[in-house]
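In structure tokens below, several structures.
Next, two complexes with chain A in common: one pairs it with chain B, the other with chain C.
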Partner chain A sequence: MNQLPVFFGVLKYEFRMQIRRPALWITMVLLAVLITGAGGAFRELLTYQISSISLVEMVVRWTVRMNFIFPVGVGVLLADRLPRDRRTRVEELFWSMPGALSARMMGKFFGSMLAALIPLLVFYVIGTGCILYHTQDLMTLPLALAAFAVIVLPGMLFISAFSIACPAILWVPLYQFLFTGYWFWGNMLGPRVGIPTLSETILTPAGGYMAAGFFGVPAFQIFDFRVTALQGMESLSLLLGITGLVMVVLWCFLKWQQARQ
Partner chain B sequence: MEIKIYHLNKIYRGGVHALVDVDLSIPSGMYGLLGPNGAGKTTLMRILAGILRPTSGSMQVGEQDGNTERGRTAIKRILGYLPQDLGMYPDLSAREFLDYIGILKGIDERKIRQQRVEELLEVVSLTNVANRKLKTFSGGMKRRIGIAQALLNDPKLLIVDEPTAGLDPEERIRFRNLLSDLGGNRTVLLSTHIVEDIAQTCRNLAIMNNGQVIFQGTTVELASETRGKVWIVTTDGAKPEGNFTVVSTLNMGTTIQYRVVGELSEPAGVISAVPTEPSLEDSYVWLMREKRSPVKALV
Partner chain C sequence: MDKPTGDDRQLLRRIAGGDRQAFTQLYVRYQRLLFNYLLQLTPDYGLAEELLQDTLVAVWKNAGSFGDRSSVQTWLIGVARRQAHNTLRQRKIPLANEPDRAVPGGAVHRFCRVLRAAPTSPIELTIKYGGKMSLDRLRYEVQLMGRRVILTPVLVMASFALLAELLNYLHTNPARTLSAGLELILPIAAGVVVATVISHDPAIELQLTLPRQYHQTGLLRVFLIAAWTTCIALLTSGIIVALNLGFMPQPPQTLPASLQFLMGQLVWLAPLLWLSGFGFCLALLLRSRSASAALLGGIWVVEIIFKDVLAYYAWLRPALLFPTTLLPLVGRLPQVYFDIWLDTRLEVLATGLVLCLIGWLLLRNPEGLLKGASEE
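Then we have the complex of A and B:
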């Protein structure tokens, strides 16, 4: 049996169920307001002076803002997707069907994540539109696309994988609490505050190495201008590799759990 | 399509022996699986549906060997399963949920799948509410969606576990009639603790208790074992005494009529005691009584 239609079908319906959640939109709008108000993001965009900083730096700065706090929302909103199948008791029904676990799992992962990214994308596009309006430079668009793809997406895939997988063994509220703590500890706080963290390593999903390595724009705790594109590539590859590994481990765990019932 | 089960055992973690050396041969058509709560019926259903693995034993579903991964996947392609605790995504509409299930069952072609969904919504009389979210559905409506999803892939094997539990009498009759219509060219395994559901729909049945099959055969065979053991006892009010189970009590005004299953001695106060033709329920009660006393095997 061809599992691709199963994958795309599950993706479609997981996307629909996630995008219809009022909690998704409320959470993301609140986070957008927080970014706008706290960081003065829109003020910065609206008063953009074309001579002050380069287009690349402006676009990347705007892109990096997406990774300040939106990932917390994404991670928290994805945490209940897998336990929900057990809670709604559809899990037993799905196990009796020929649709493979791998196809269902990947469909759930991508569908839920993509839906959670939609509000963020809307916010991002609005900001990008502001930059385009001020600069009248069409290069804004491919630059924004590239920056989003290499700075935001790898981190989102990384945290989404953990948010889908970890609640298979952790109580959802506990995971959400720990994840929120991890995000700030592992991405915002640096060793400079006296706490050992992962913040300056290539393991951080906030995208600092990609911003600095590919675009030369320091971000988060990556203030070192000597960060190379290769290091950016290493960080990106590591995040994607761990994402894949987490999903494989989840698949193995669910299979094992089913077999020992 | 015949199902053969050989020496099936299932021991859960904690040592609960849910199935004890179960041997069954299930022919085509409607087949009833009767037994009290905790008898092992649902465990057996789940093993047949590929949700659980047996601790030991084997099963053959048509040509497919249920002990291999390949065999189990092949069985799932021809299987329709309505579980006891039917789960749904509450925020999907009935139409969306059925479409989703159709995709998981391997109905890849969108047009074919949509056509099938519409046909089944019509069969279960839910076309008018197909776009409503499932969380707004009553218990009976959810059960009907349940049978619709089980039929999406036109299964050769249909397993329904306690399908009428919690339904009102009208819904129950509607469901039974629906199931009976389905039994023509497929194997329908109906598991329930409600004797009437089996009596109205099945010729062949098995009875389980404490993880074991204590009877398998036809309803006629079961009734013949119970002939001479069922009585209508009329008394002046006092409950008759003896080694039997009272199945029903009817107050006639000046007298009381008891339907009893068991051995009648000569109790006081009995106006009359007339033997009567056993129903399936009487036969079930008799069999359970026999199994609780020192073993007198019927199988």
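Then we have the complex of A and C:
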């Protein structure tokens, strides 16, 4: 059986279900209010001294801002997608259908993640529009697109995979607050505190290596200007590779669970 | 309940014909009697509620089978007893204190007479059952929330103890890490758990039909979570002090040791109350577990990133949650630092209490609770 229609069908269904969720919009709007200091960040974008900061730096700084607290919202909102099927008692119904588990799982992953990214994208476009208006430079658009693709997306894929997979074995609220703690510990905790952390390694999903390696703008705990594009590529590949690995492990686990029933 | 039997029979006939209004009338008339009867069969409050629901479903489905051989009351008690027997047998739970079954009709009538004289309001029930009833309620609420609510704070602090051990092995002082566990992690865990428990009750429709007030139930649940987290935090704090691993501003040495210890508990108590109260309010305002947890997480990260801004502006300090771990003594006199620290802890504690009060007021809106039940 061709699994592509199953994949796209599930993707469309999950996307619609997530995008119509009031919780998604309320959360993202309130997080946007928090991270912009009730709109102060937009004023900042419109008042930058153009002579003192390059366009690249302006765009990358704005892009990096997306990775402060939005990933927490995305991760927490995706965490209940898999347990929801069990709670609403449709899981067994899905299992009895002809579509492959892998196609349904990937459809769920991409559908719910894309929907969760829509409010973030709207917010990002508004900020990019402010930069474009202020600088009057059309290069803003491809630059913003590239920055979003390499700084925000890999990290989002990474955390989305964990947020879909981990609640298969963890209680959702437990995962949610552990994930919040992880986001701080693995991305923002400095080495001076003395606690071993991943925030300086290429496994940091906040995108510091990509920002520094591809655009030369240090971000989060990656202050080193000598970070190369190769290191940025390594970080990006590692994040994508782990995303794939997590989904494979989830597939094996669900298969095993299905066989036990 | 004292309506003529003929009237009840008419109601059952209308129910058999699918009349919902008649069903509501019968329910209003008999729910208390049936619930009290079921409580005689099982001491488990939650299970009795579940059995009442099953009984009502069975009455709705089988009203047509009522054969006029007994009174409606006797028939209803019979249905409730069958439901209880089936469910308890399936779950292998022994039946407790079942009323005399030898002469069903007569015994049931005698039983009903006793029940009519029994206290029915929450206040009367509390007076009648005293401490036993309260303990039953507490046990029931803990069972309902589940082991996960109990285990979560235990696991959090156990993980931090292991991390501290690892740091000690790596020759790093674990004091600040343990403080982070108490001040940063335990309160956010409690906040998320409060938001989860308050925003979702699988039996909310039934809860709202019961004689007891739901806002009392909600408040009791928040209290239980906060109290359990407090026990774990106190225990951990005691161990930390005993191991001389405390990480907090030094209180004046002139104060008694016990008062110094109590002041030290403000490290975790203030953010615990604040985040629990905030989670309580968010859950009731947003009616969504995920949105509440996401916003609590967002606030938590913002508190860490913008700690200096929060500390700088005096009007933001009542929301400065984690100064002990994040803003340690730097370039200030210990006494001055302790005074500032104590002021902010008390301010956070006060705003936490206000948040809990707002949550309690929000809980008095049962329609909102019902609306939220279907939106996740």
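Annotations for the structure displayed:
Everything below uses one rule, namely that the second predicted complex is superposed on the first by the 258 of 261 C-alpha atoms of A that agree within 3 Å, B and C clash if a C-alpha of one lies under 4 Å from a C-alpha of the other, contacts with A are read in each partner's own complex, and residues count from 1 in each chain.
The rule is simple: a residue touches a chain if its C-beta (ideal position, glycine included) is under 8 Å from a C-beta of that chain, and two chains touch if they have at least 3 such contacts.
Everything quoted here is computed from the prediction, not taken from an experiment.
Shared-chain residue A:R104: touches chain B; no touch with chain C. Judged by the touch definition given at the top, the superposed model places A:Q231 against neither chain B nor chain C. Once the two complexes are laid over each other on the shared chain, residue contacts for A:W171 go to chain C alone; chain B is not touched.
Look at A:L31: by the touch rule set out above, it reaches chain C but stays clear of chain B. Residue contacts after overlaying the shared chain place A:G73 against chain C, while chain B stays out of touching range. Judged by the touch definition given at the top, the superposed model places A:R89 against chain B, while chain C stays out of reach.
By the touch criterion defined above, A:G9 lies against chain B but remains apart from chain C after alignment on the C-alpha atoms of chain A.
On chain A, the surface touched by chain B in one complex and the surface touched by chain C in the other have no residue in common. Those residues of chain A lying in contact with chain C across their complex are 22-24, 26-27, 30-31, 34-35, 68-69, 72-73, 76-77, 79-80, 84, 171-174, 176-177, 179-181, 183-184, 188, 193-196. Across the complex, chain C meets chain A through its residues 148, 152, 155, 163, 166-167, 170, 172-173, 176-177, 180, 184-185, 188-189, 191-193, 195-196, 286, 288-291, 293-302, 304-305, 375-376. Only residues 12-13, 46, 49-53, 73, 76-77, 79, 81, 83, 85-92, 96, 100-101, 103-106, 108, 149 of chain B touch chain A when the two sit together in their complex. Against chain B, the residues of chain A that register as touching in their complex are 1-2, 5-6, 9-10, 13, 16-17, 20-21, 85, 88-99, 104, 258-261.
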